[in-house]
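Have a look at the structure below before the remarks.
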Amino acid sequence: MFGEQLVNGLALGSIYALTAIGFTMVYGIIRLINFAHGDIFMIGAFFALSSVTLFNAPLIVAFLVGMAGASIVGILLSRLAYKPLFDAPRINLFLAAIGAAILFENFAMLVWGPQTNTFPVLIDMHNYSILGLKFTTLQVIILVCTIIFMILLHLLVNKTKVGIAMRCTAQDMNTARLMGINTDRMVYVTFAIGSSLGAAAGILVGMYYQAVYPMMGFMTGLKAFVAAVLGGIGSIPGAMLGGLVLGISESLGAAYISSGFRDGIAFIILILILLIKPSGILGKVTQEKV
Amino acid sequence: MAILEARKVTKAFGGLKAVSNVDLIVEEGQIVSLIGPNGAGKTTFFNLITGIYDVTEGSITFMGKPLKGYKPYDITKLGIARTFQNIRLFSSMTVLDNVKVGQYCRTKTGIWGALAKLPIARFEEKEVEKKCMEKLEFLGMDKYADEIAVNLPYGDQRKVEIARALATEPKLLLLDEPAAGMNSTEKENMMKIIRQISDSGYTVFLIEHDMKMVMKISDKVAVLDHGEKIAEGLPEEIQRNERVIAAYLGQQGREANA
Amino acid sequence: MFFKVLLNLTIAALVLYIVVKFLSMLFDQVTFWVTSLEEKKRRYLLGGFGIFLIALPWLTAGNPYLLRTILIVGIYIILALSLNLIIGFAGQLSIGHAAFYAIGAYTTALLTVSLGLNFWLAFILSFVVAGLFGFLLGVPILRLKGDYLAIATIGFGEIVRLALINGGDITRGPAGIPGIPSPSIFGFVFNDNISWYYFIYLMVVITVIISYNLLNSRLGRGLIAIRDDEIAAEAMGVKPSYLKILVFTLGAALAGIAGSIFASYIHYVNPDSYTYLESVTMLMMVVLGGIGSIPGVIVGAAILAILPEMLRTVELYRFAIYGLLLIIMMIARPEGMISMTSLRGGKKPSWQFLKLGKLLKPSED
């Protein structure tokens, strides 16, 4: 039982981690909690689903379609809704993000209907035993995908010119602009990366639970946000760590405390962490200059 | 008698010691000035006194009471009020309402009194209005009472900040560069106001860059540089102090290089 | 389907942008006109409006559907004004207000149906219980800032809704609790819309008076100070945690009253009436009308409570349109239709927009 829950928690945690990265990257660059991120995760899953059901696309193509589609949505969102508000009070930007979230949820409801769609099983299911823990094929795929994406992201952020420019922009947008970095483009790149990782997570969730529905991004989005805060918002390794911690505590909590309580765990963790260590596990403490 | 006493006060932001090991005493009824080059830690010192930042090491006592653990609003209630270097007026309020906020900690109307507008609340409200208008008159700002405060010119906003601070009925008034950005007649006027404030019984602790003003007005001057107190004494002593001159020359040298 | 919806929403965005721009000008004109009236004339105007309010049910007597809509508008005005205390006065973004609405409604339902208590007692207890929840939630979470607070309140809203669904025999799950009695006073039962009208609008008037009295009091100034600049407010002796908790409690309690009224009016409660989208609707009312502006919030509540009735044909698009509207408001008119600043008078606004060919500026989507 414990082993099973641990593996389940790992899989879930990887998904939260992938989603949390989108939150953390966007927050790092424009200090916005992109509330619509969870819904981009959902849109990505729907794109992938449609490409499978309408065109019989193979899994890998479905992934690419979902991720590409979501990054386009992410870029459009930041360009059309957020860009005009970069200089406005932060709370206006956040309200626009809430608006975007509602828009996406209802857009999906109009296009794909409010019902739950089953994601077709595209792979053969086996059970594996690694280090005494039992994994299903899907769980292995989730873990492997997550690890691959993390490595790619790490390389991109730390080893490429774009990555350096992104980090500069996140640290100080004005200085970055003065140094000749096209900061607007960096914002779009950030949204594109965050959204495509979110979409990947959405597709994995769709496959894991075999369910894709318009409100699927709402809860997962909130939880990924909790994961990002837990790890220290703005920090990419923090998002990974926070995702795993949250996933594992959630599946253990559901197993040993109460399963009806499952969705409450994230919020209790959120409130606790914000009260005890608001900067998160790996975040930096800053004090507002007066 | 010492109204404010700082002992070995240190404030660190990560590795940077913005205030380091500072001892300082402000005597009741005096005008004491704190000077020093940009980034010396003067504003930080004010923030430590008013509880906006926590002291990393050392202690500050006000009228014999250690301020450790007190929140800014507690400290205001104890009798320390301040103005801000980068003016922080309430942007949606009129001049009069800004000043009335200062009276908050001296009034008592509770939730039921406010919601039902009980006679006692109305009475208190009238008193508040009267007191605040007096403060505005004192600063010559009563004619702007109904203007939105942040729409006034810079110099006038500073005066509103002073009126607001006075409305908290403090014993010690901290002024952070009250004459910054003013021309010489305005500065003269500000100096007069500070003198009047001092004459009406308030103790004044002042940060100011204008040396002429500091030397004329202060009973005592303390100098910070890189967070450390490098000198303290009568104005004329400070003017002659080698370390002070070096610190300021050093700054000019830096500015010339920049 | 995908492209059809996309096209519809793009058109909707353009239309909304134009409507928002147009309404902004219209409201600027009206606000300017009212604020520049002499004190005496303004009194007359207010008196006239009062008489209109008293006569309203008789004016609509022929149309029960209309009167019913007016009642719903009244309930939303109470809700929006109570949320405005939190968002508008204290500057604390709360997106879980439906939770307190639900707590009030369920308190009334449980006390009257399960315990057979008198409505008026249940009504008062709904106020108290919702306020108590507001207090208990406010103490830990009001230390959070801005968007963090917003997300914590969303979480609270979800937890309350889940608790109602999973509440077993007490809340009776998704089916809810039917059979809530109408209130009665000295044997007179509120069983027609006209008596409900006077009851609800009496509560509306009380809420409006409470809002104004609070705003113009010492506490109100403290709250606005916190909203404008929390650090400066603290340095001037205002204790933010106290005031924030106070106003959060009061806002929650008033929402509880609205819940009690609504439950008794429709004789029924179930979790579906108190969702996240309900919280969003209340938020939208405040934002549309003008955060912190009492007349604005009333107008915002009225518009958004009536709009769905008028948009029955595009009911499906309702929340998609709300989402768009929120974004467009932030871009085109973040201060709301009747903003706090415009209420203070100022320059005469112009009809600039109508003169210019700015209509073709399709940059908002």
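Labels for the chains are A, B and C, by order of writing; each one numbers its residues from 1.
In this text, contacts are C-beta pairs under 8 Å (C-beta built on N, C-alpha and C of every residue); 3 or more make two chains touch, one makes a residue touch a chain.
Bear in mind the structure is a predicted one, so any value in this text is a computation, not a measurement.
Distances between chain centres, each the mean of the C-alpha atoms, put B farthest from subunit C. The most central chain, judged by C-alpha centres against the centre of all protein C-alpha atoms, is C. Averaged Cα coordinates give subunit A a centre that lies 32 Å from the centre of subunit C.
One inter-chain figure worth recording: subunit A and subunit B are separated by 47 Å, centre to centre, where each centre is the mean of the chain's CA atoms.
One inter-chain figure worth recording: subunit B and subunit C are separated by 41 Å, centre to centre, where each centre is the mean of the chain's CA atoms. Within subunit A, contacts with two or more other chains are made by residues 290. Multi-chain contact residues of subunit C (touching two or more other chains) are listed as 231.
Looking at subunit B, one finds that residues 52, 84 touch two or more other chains. Across the complex, subunit A is touched by residues 13, 43, 47, 52-53, 84 of subunit B. Subunit C makes touch with subunit A in their complex at residues 1-2, 5-6, 9, 93, 95, 140-141, 143-144, 146-148, 150-152, 154-156, 158-159, 162, 166, 231, 276-277, 280, 283, 287, 316-317, 319-320, 322-327, 329-331, 334, 363-365.
Partner subunit B is touched in their complex by these residues of subunit C: 210, 213-214, 217-222, 224-225, 227-229, 231-240, 246, 250, 292, 340-341, 344. Interface residues of subunit A facing subunit C in the complex, by the touch rule stated above, are 33, 35, 50, 76, 80-81, 84-85, 88-96, 98-107, 109-112, 218-219, 222, 225, 229, 260, 263-264, 266-267, 270-271, 274-275, 278, 288, 290. By the touch criterion given at the top, residues 287, 290 of subunit A touch subunit B in their complex.
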